[in-house]
Each structure stands twice: as C-alpha cells, then as structure tokens.
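Quick heads-up: structures coming right below.
In the two assemblies presented below, subunit A is common to both, partnered first by subunit B and then by subunit C.
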Partner chain A sequence: MRELLAVVIDGAIYASWLFVVAIGLTLIYGVMKILNMAHGSLYALGAYAAASLGGAWLAGGHSPYASYAILVLAALIVGLIAGPLLERGLLRFMYGKDEIVLLLVTYAVFLILEDVIKLIWGVDPYFIAQPYGMLGNLDFAGLTYPVYSFVLIAVAIFTGIGVAWVLQRTRPGKLLLVVIHDREVSLAMGINVSLFYLATFTAGAMLAAIGGALTAPTVSVVPGMGVEVIVLAFAVVVIGGLGSLPGAALGALIVGLVRSAAVHYLPQVELFSIYLVMALVLVVRPKGLFAGFEARKI
Partner chain B sequence: MKSSLWQCTWLAAIAAALAWIPSTAAAEDAKPFRVGIVTFLSGAAAGPFGVPARNGAEVVVEAINAGTVVAPYASKGIGGAPLEIVFVDEAGGTTKQVTEYRNLVQQKNVDAVIGYISSGDCLAIAPVADELKKLTVFFDCGTPRIFEDASYKYLFRTGATATMDNVAAALYLHQHKKNIRKIAGINQNYAWGQDSWNDFVATMKVLDPNVQIATSQMPKLLAGQYGAEISAILSADADVVHSSFWGGDLDALILQGAPRGLFKKSTVVLTAGETAVQKLGGQIPDGTIIGARGPFDMFAPDTELNRWFRKVYTDRYNVPPSYPSYKMAQAIFGLKAAYEKAQAGAKASPSQEQIIAAFEHLTFEGPGGKVTMGLGKGHQAVQGTAYGTVKHVGDKFTLSDVATYPADRVTPPDGVKSEDWIKGLKAAK
Partner chain C sequence: MNARDRTLVTLVAALVALLALGALLPPWQFLATVALAKGCAVLGLMLLLRTGLVSFGQGLYFCLGAYSAGSLGQFFGVTDALVLLTVGSLVAAVVAVVLGFLLANYRSIFFAMLSLALSMILYGLLVKSEALGSTDGFNVTPPTLAGSAISGHDGRFSLYALACVVAFAAALSLDRYFHTPLGRLAAAIRDNELRVEYMGASVRQAIHVKYVIACSLAGLGGALTGLTVGHIDPEMAYWTTSGEFVFVAILAGTGSVAAPFLGSVLFEIVRSVAYQHSPNTWQLALGTAMLLVIMFLPNGLWSMFATRGKAA
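And then the complex of A and B:
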C-alpha cells in the first residue's frame, strides 16, 4: 500500500511537471500546426532567466517568499521577448509551408538558441535552490516530499483549467477556436489571424518558460537541459493527440504514472516504459487518444 | 677595383649566408610542438569537466612556455620548444569526434593529441590513433576496456580507470561503516553508470557475501527529475546508496535528495562527488562520502607542484582547480616528461617513436602525486585514490576520515581484467 501510494504521488508530481512543459507545445500545434522543436530552448531560457533573476533577488537580501513571483516574472519576460521575436521575425514568413519545413525551421531555432544560451550564460551551472525547500515538507506513508512538489501539481491544474477557460469561455478564446477550425474562413470573417498567431505563440513560449522557471529550483540549470524535455513533451502530446489540451493532460498523467510504476516495481524497464505506452496508444489510436476528426476539404 | 667590389659582394653574401644558417637552426630548434586538446567546450559535460580541463591546459601550457613551472618541470617549453595548443570541442558524439581527430592529425598536423572525457569517445578514437600513427594521450575517460581488451602502440592514458573509484568506495565503506545489509544504486544508464555500479556491487559482494541489493536505479543520462527514484530508494531501506552521477545530474540528485532525507536515511557514496563541491559544497549533507577519481583537489598531496598548480589556477580563474583540471595538467606533464626523457639532454627533437619508448613504463610527477604507466604494457597509468566523509564546520566544507588507497590496492595488475581481479580481491585483502 505504501509503495502504491508512492507510485501515485511520484507519478502525479512527474505528470504535473510534464503537463506544464507540454501544454504550450500542444497549444502552438493546435492553433498554428507548428511542431515547435524550439520549445525545449524556451524552457531552458525560462530556467536560466529564473536562476539569474531569482539569484539576484535573493542575493539582494529581499524576501525569499517573493522569489516565487520572481520565478514566474522571469518566465513571462522570456515569453514576451522570445515569443514575438520568433513569430514576427521568422515563423510568419513560413506559414502555409509544409509541417516538415516548419519542424526543420524550429529545429534550426533550437540549435541557435542553445548557442545563444551559451553566449549569455556560459557553460557553468546556475542554481536557485532556495524556493524548493523553503515551504517545508509533507510526510506520506513514511516518505517525505517537499511542499514545492505539490505546489507544482496545483500550478499544473490551474494552468490547465485557465487555458481551457480562456479557450471555451472568453471571446478571444472562442475566436481562436474558429481560427483553429478554419484559417481561411476566419480571415474571410474579418478575424485578425496574424494577431491570434502572435498571441498563441507568445503564450506557448511563456508556458514553456514557466515550465523551465518552476523546474529551476529542483535542478542545476545547465546547457542542454532543454533537449531531454522536448523528447518527453513530444511523447506526452503524441499520446494525448497533437493539439489537444485534455489529451496533453491525460498523456502527462499516463506517462507520469507508468514511469513511476516502472521505477518502483521494475526499474530495468523505466526507460522503455514511456515509449512502450506511446507505441501501444498509437497502435490503437494512430493520432493519439484525443485527436479529433478532421474534416476533408474539397 | 671591379674585382675587389665583386669580392666584397661575395664575402658579404657568404657572411649573410653563414649568419642565416645558425638562425635557421635556432628557428628549427624553436619549432613549436603542436598539441591538439580535445575536451567538452559545450553541452552538459562542459561546466563540470570540459572547461575546468581546458582552463587547466591553458595555465599549465602558458607556464611551461614561460618556464615558470616549479621542479621537476622548471625547464622552458617541451625539450626547449614552445608548446602550441589547438582546442577542439568534444561535444557531438563519436562519429564527429573521429572526424575531428582525423582533421587534427591530417589537416592541422599536430604532433600529439591530448583529450577525451567520454569513455565512448575514447573507445572510438583508440583504434584510429594507431591507424594514423599519432601519439595520443587520454587524460580522463574511465573505461578499463581500452587497454584490457586491446593493446595500442601510439595510445597512452595518464588517468586511472573507473575500476579504482568503485573498488576504493567499497573498501572505504567496509572500513568505516559497520553492518551494511542492503545497498542501493542510482547511476546513469550508459557504460559509465553501469560499469561503475557493477564494479561496486562485485566488490561489496566479495567483501561481504551477505550484502543484498535493495534496488538499482538507472535513469537516463540528463534526466534531471529523480523524484520517483528517490522514493524507491527511500522505500527500499538501503543502508548505502552508491552513485557515479556527475554534472547536472549529480547536482539535481543532491538538491532533490537532501530535502527528502535521502542522505540522512542512508550513507550516500558519490564517486565523482568532488565536482559538485565548488558550487554545492554547502548543500552536500554531512556524512556523505565523496571521491575525486584520484588523489586530486582536496585529496592531493601537499607537494610543491600541487601548491604551485593550485595557486596559478586559482589566481587566474578565482576558483580552485577540480579533478578534471588536475587530470589535464597530469597528461601535459606526462607528455613533457616523456619527451624530455626521450631527448635525454640532446638538442635535437626526439622522434615520435623515441617519445613513445620513453613514455612506456614512465614514472612522473603530477600535481596529484606520482603516476606510473604500469598497465597496458606501459601505456595505462596507475595511481592511488582517496575518499572522505563530508563534515561542515560552521559554514565551511571539510572532509573527515580521509582514507587513501595505494594504486596496487585498488587496481588490477597488468594483464588481469578488472572483473576477474575483483573476484579475487578478498584473498588480497
């Protein structure tokens, strides 16, 4: 029982981390049909910005509790700068091109951003560990977990609900759903599609950066940290169905729980387990669990 | 008059030619010895290993060229010739590294290559070094397979193998911790992590056959999130946790494991823990056992060469050298010692074959102490190592219960494979 509880808690914590990272990726794909390989770099930029800004804040002797706000602020700044820069400066010239071309373009951006990170921050690790332990610990069945991990679960839930609420309940959200459904008709109806693309990519970049910023206190921020993340985030959105918000949530939960169960019961297959699940899902549902039906255009 | 003018012209020409001959000879003497240095300058291994190694190379080569190194390397240059270095980034995988190596040898015409941190890169480069007949010195990679599975003429390794790290870790635990019933491991899922864990388990089993394996976690390299692994280890109630983690993975394990009581519940052994000390020393909990993959940094002997190296490095980079810096310095000093032994006081440059002959079975001094090229037919270094237990005194990071192990206690003799030697370790105890 103790082991099972640990599997569920570890799985939920890992899933929440994956969901925060993957939600931006699936949002951008859903709206813009761009499989954004640079998402990992935006995640890393968020982590670096959080470590630098948060580190400066704490070094200045300011309230350590405000450092949580600084982490989020750093991520928002990264998203607000990098998002419009990439979308207006590069991606808008690529719209209408094949998805594979866009995949290659964002891969190029990923490589460039990795070097930009190296130019700005060098190769030494950065730390902002204080927020991780500051909230104390909770004990479950003899195991200790930092409260920060449960904050991460709460952030994932609120982010998911928040994005769903914006899409379903607000006027811009509903207009965005129209753009997702049919870009050409949206243009004909007078919707400013370019603006929605800009807003979506910026929001996606912010979500990636928030993922990085909230991860920063638990790791050392080092070059290459975005590489591993992008592979996992792809697995999550592929399981859930590209572009699907509930799909990303379910995909993250499945990957989190399966990986956690493998670590506890059969650590030899931990690496393999995630991709086994992905393969099984794709055999049954080739477009993922929540992929919608696509209307054929004549 | 005309003939005397011609005579003067001829004499001047001959005098100029005579003056030119010695200057050419001097230029010939001063022809730089070009060394390609390969180390991680980008990627996850650059911060903890690659850049400290590059920094170590820079300060040592500058000092050698200026003639400011202390004895026994006080002579200027390498056999009088200045050292010239060409840096190459080790990132990018084995295929790229083989191409880069060929480029160094065939395009940039280096006289020797020093490099390689990744065991995978070392295994790929080793046969190419002999194929291209170029003197090559591995300075850091740990896999014992290089000289246990093959022999090479042009290849040397001045750092000891990873077997030493894990055998010594087990010996240290056996000496300092009683009643070890269950052991657990968390190691990266590639050759380094798997070999380290296997050597550690094999040695622990030899020292105490009743030891049980509670769990062995092998997360992917650079995974970064170890919450589930830490829970699994905590649930397994292990007395000892072994980890050969390095770089960001090691930092993350410390940051995530310490608040959850991992280091309190079990005795954690970090075989490459020294690289985390500079940045995270304050957060490595008391009681953690750490190693430096040899007698480096805080384990280095108090010799004049070590004091000199620490001073020049710290003066330049404002941080003390970590073990990759030591191992790079060791490789450069090894090459200089071999070159000058081959030269044997003569002014002419020795041939590559003469340097190789001098390098085989050479004993030389590094900032970490004496190094003997005692294995692999004189091509593989053996060196002692040390472990210590973290103990903070106030805010200051210190080590207690430091134990050193001579090379023959933790390294198999020449011609014996590590895994076979470990099985017979008890008899040698």
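And then the complex of A and C:
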C-alpha cells in the first residue's frame, strides 16, 4: 500500500514539471500547427538562466526565500527574449508551409540552441540546490518528501488552471480560440492574427522555460538536458492529443505514473515504458486520447 | 543520353573516383567508409522523403542492423562481411515488414512521431539489456571477406572498397526502382494520395513496400557502420541519430540517388573538422546550414548540380 502511494506521489511530481513543459508545446501546436522540436532547448535555457541568475542572487547574500521568484523571473526573461526572437526572426517566414517542414525548421533551431547554450554557459554543470532543500521535508503517510516537490505540483495545477482560465474566460483567450478554429476568417474579422501567433509562441517558450527553471534545483544543469525532455514532452502531447489542454494534463499524469510504476516495480523497463505507452496510444488512437472531431473545411 | 544512363555514368565515375581516392589517401578511408555506410541509411530516408514521409526513427533499423551483425560475430563466430551485411539488412527488413503494417496508415507528423517512439523503445530495451552491454554496447568481432581479414591496418582498404561497392549497388538498385511503375508512385503519393487511389493503386501497399526498402537500407548501413567502427552502442537507436539522417537527407536533397552519399560524406568531413576546431559550435553551423537550405534550396544541395528542367 505504501509503495503504491509512493508510486502515485512520485508520478505526480514527475508529471508536474513535465505538464508545464508540455502545455507550452501543445499550445504552440494548437495555435500555430508547429510541433516545436526546439521546445526542449527552451526548457534547458530556462534551467540555465535560473541556475545562473538564482546562483548570483544567492551568492550576493540576498534573501534565499526570494530565490523562488528569481527562478521564475529568469524563465520569464528567457521566454521574452527567445520567443519573439524565434517567432519574428524565423518562424513567421515559414507559415503556410507543410507541418513536416516546420518540424524540420524547429529541429534546426534545436541544433542551434544546443550550441548557443554551450557558448553562453560553457560545458560545466551548474547546481542550484538551495531552493530545493530549503523548505524542509514533509512526512506523508510514512514517506518523506521535500516540500519543494509539492510546490512543483501546486505550480503545475495553477498553471493548468491559469491557462484554461485565460483561454475560456478572457477576451484575448476567446479570440485565440477563434484563431485556432479558423485563421482566415479571424483575419477577415479584423483579428490581429500575427500578434496572437507572437503571443502564443512567447507564452509557450515561457512555459518551457518555467518548467526548466523549476526543475533546475532538483537536477544538475548540464548540456544536452533538453534532448531527452523534448521526446518526453512529445510523448505527453501525443498521448493526450496534440493541441488539447486536458490532454496534456492526462498525458503528463500517464507518463509520470508509468515511469514511477516502472521505477518501483520493474526498473528494467523504466526507459522504454513511456515510449511503449506513446506508441500504443498512437496505434489505438492516432490523434491522442483527447482529440476532438476535426471539422472538415471545404 | 537519358536520365537512367546519366545516373549510371555518374555512379560508375563516383565509384572509380572513390576507389582511387581511397588508394591514394589512406587516412581518408575510415571517414569515407562510415560516411558511405550512413549514406545507405540516408538513401532509404530519401525514398521516404520522395513519398512525402519523414521518419524520425530510422535509427531503429540502423541500430538493429548493427546489433544483429555484431551479435552474429560475437555469439556465433560468423565473421564474413557479406553474410553480416546481408543479415543486418534482412533483420531490419523483417522488422520493417511487421511494423510497416502499422506505419503505413500514418502521415506527416504522426508518421514522424510513431517512428520516433518505436526507435526509442529499442533504445530503452538495449540500455537495460546487460547481455548486450547496456549503455556501453560491445565490440564487433573484426570482419573477414572470403576468409581474409578486412580490418586493421592492412585490410582497411578492402573494407573501404567493399563499402564503396555496397553503396554503389544500393544506389544503382534504388535508381532502377525509381523507374519502375511502383517507384514512380512515390512522387504521386506525395502530391495527391487520393488520385493515386483513383488510379487503382494502393497507397498503403506502396508505402509499406517503400518503408521496408528504406529500413533494410538503414539496416545495411548500420551493419556496415558496426563493422567499420568496430563498436556498437544503443546511441545508434537514439532519436538524435535518426535526426542526423533526416538532417543529411534534407541537406542533400532528393534529386538523385548520389545525393545522400555526397551529403553524408560532406557531413562527416564537416563533423570531423569541426570537432577538432570548435566542438561547441558545430551544431550551430549545422542548424544554420539546414535553415538556409530549407529557405533557399528547398530541394537540397543537389538541386545546384541538377541539369535545369531535366531533374532525374
């Protein structure tokens, strides 16, 4: 029983940051029809920015409790710089091309960003462990977890609710849904579509960076850390259904739980269990578990 | 001279040039052998690209080919290079026949995603299988050809020559295939699937066949890489390996069966030079080159050589 609980909690912790990353991926795909392979690099950029900015903050002897805000701030800065730079500088010239061409374009961006990270931060690992341990531990039915892990879960839940609220309750969000539904009609109705594209990509980049910034204290920040995250995030959005918000939540939970179940019960299958689930979902429901009907436009 | 003859002449000339270059410049041999081996995998990918499909999972077959050739040498003492190469591509082909039933239903990013997931499954399996060396992989028994060793200092040219001949044969057969009715369907499927069905051809079946051909070429390339490098590891199935193939295929273009090999050789040269001089910026250069090609040479580098209006 306790082991089962451990599986669920571990899974939820793993799912939390993955969800924040994947929600950005699915948002970008939903609006722009771009499956962003550079998303993992944005995640890594967020982690690096958080590690160096947060490290500088702590080294300066400032309040360690403010370092959480610094982590998020670092991610927002990354998103605000990288998002518009990529969207305005590159992607906007590619709209209208095939989805697969866009995939290749973002693959090229991934290659570029991997080296940009090495150029800026070098190849040595960065650590920023203080925010992780600072909040102490929490005993939970005989299991001990760092409080930070629960903070991660809370952040993920609030992010999900926040994005859903923006999309469904605010005017820009509703307009964005209109753009998703029909780009050309929205243009004709006077919606500034390219502004929405810019905002979406920037928001997606920010979410990826926040995912990276919040995991930075729990891992060592090393070159290539985005390489695995991108396939994990792909697995999440593919399982849930590309472009679906509840799908990303469900996908993240499934990936998290499958992984932690594998780690606890059958460590040999840890790595491929996630991809097995991804492949199975693709086989049974190619458009993902939450994919709605696509209205045919003539 | 028609397109088929022109390709034949080009390929024969390339074969002679490669053999001469290898004989004159021994240090070149290793790099070129690896490049030709990977070129085989890219050649297969090019067939899929012509059909309008991008696979981010050719690493699966590349790795399968290498591991089946490697384990045949390791556990059964088979060292004949021709046998190993044949087995490598056959194993890949058999797996591709099975998975092809599934993948033939998928298009665009879903095809890319599913093939990626499948190759990552193999990666995950290999990383955890200790009999096959886990993440370290294992060393490949030095291959022989007709009883004599073809690795090491003296035999290296033979292996290089074998790679040249294998690449030549693969390129020529694929070119012949492109000129068969089934081969010509590739462009038709890419342009308009529905009309292909109206004509009475089965798109599914055509894609399945092309997928098997592409994957057996990847298996062949993997086996050849294993024999050349002398070591294999699960990285060969990781998605970045598949991404590299996609990169070379896009860069080279699909204009001719020679393009993947040219692209692959260029790629290996750039990689080995860049690795020595600036290990931290070579991906940057690669990514930039890829963006430039996508934007300004959508048909790849090969389109610069192609005769105007008479693309093969």
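Please note the rule applied: the second predicted complex is superposed on the first by the 297 of 298 C-alpha atoms of A that agree within 3 Å, B and C clash if a C-alpha of one lies under 4 Å from a C-alpha of the other, contacts with A are read in each partner's own complex, and residues count from 1 in each chain.
Here is the rule we go by: a contact is a pair of C-beta atoms (placed from the backbone, for glycine too) under 8 Å apart; a residue touches a chain by one contact, two chains touch by 3 or more.
Treat the numbers as computed from the prediction; the structure is a model and nothing was measured.
On the superposed subunit A, the positions of subunit B and subunit C overlap enough to count as a clash. Contacts of A:220 after superposition on the shared chain: subunit B is touched, whereas subunit C is not. By the touch criterion stated above, A:103 is placed in contact with subunit C alone, subunit B being left untouched. Once chain A of one complex is fitted onto chain A of the other, the partner contacts of A:234 are limited to subunit C, with no touch recorded for subunit B. Once the two complexes are laid over each other on the shared chain, residue contacts for A:271 go to subunit B and to subunit C alike. Touch criterion met: A:123 reaches subunit B and subunit C at once. By the document's definition of touching, of the two partners only subunit B reaches A:144; subunit C does not.
118, 123, 227, 268, 270-271 are the residues of subunit A that lie in the contact sets of both subunit B and subunit C, per the superposition on chain A. The touching residues of subunit C, counted against subunit A in their complex, run 54, 102, 105-106, 108-110, 112-114, 116-118, 120-125, 127-128, 239-240, 243, 246-247, 250, 280-284, 286-288, 290-291, 294-295.
Those residues of subunit A that touch subunit C in the complex are listed here as 35, 90, 93, 98-101, 103-105, 107-116, 118-119, 123, 227, 231, 234-235, 238, 242, 268-273, 275-276, 278-279, 282-283, 286-287. Contact residues on subunit A toward subunit B in their complex (touch as defined above): 2-3, 6-7, 9-11, 13-14, 17, 118, 122-125, 127, 129, 132-133, 137, 142-146, 149, 215, 217-220, 222-225, 227-229, 259-260, 263-264, 267-268, 270-271. By the touch criterion given at the top, residues 41-44, 46-48, 50-51, 189, 215-220, 222-225, 227-229, 231-232, 234-235, 247-248, 251-252, 255-256, 258-261, 279-280, 283 of subunit B touch subunit A in their complex.
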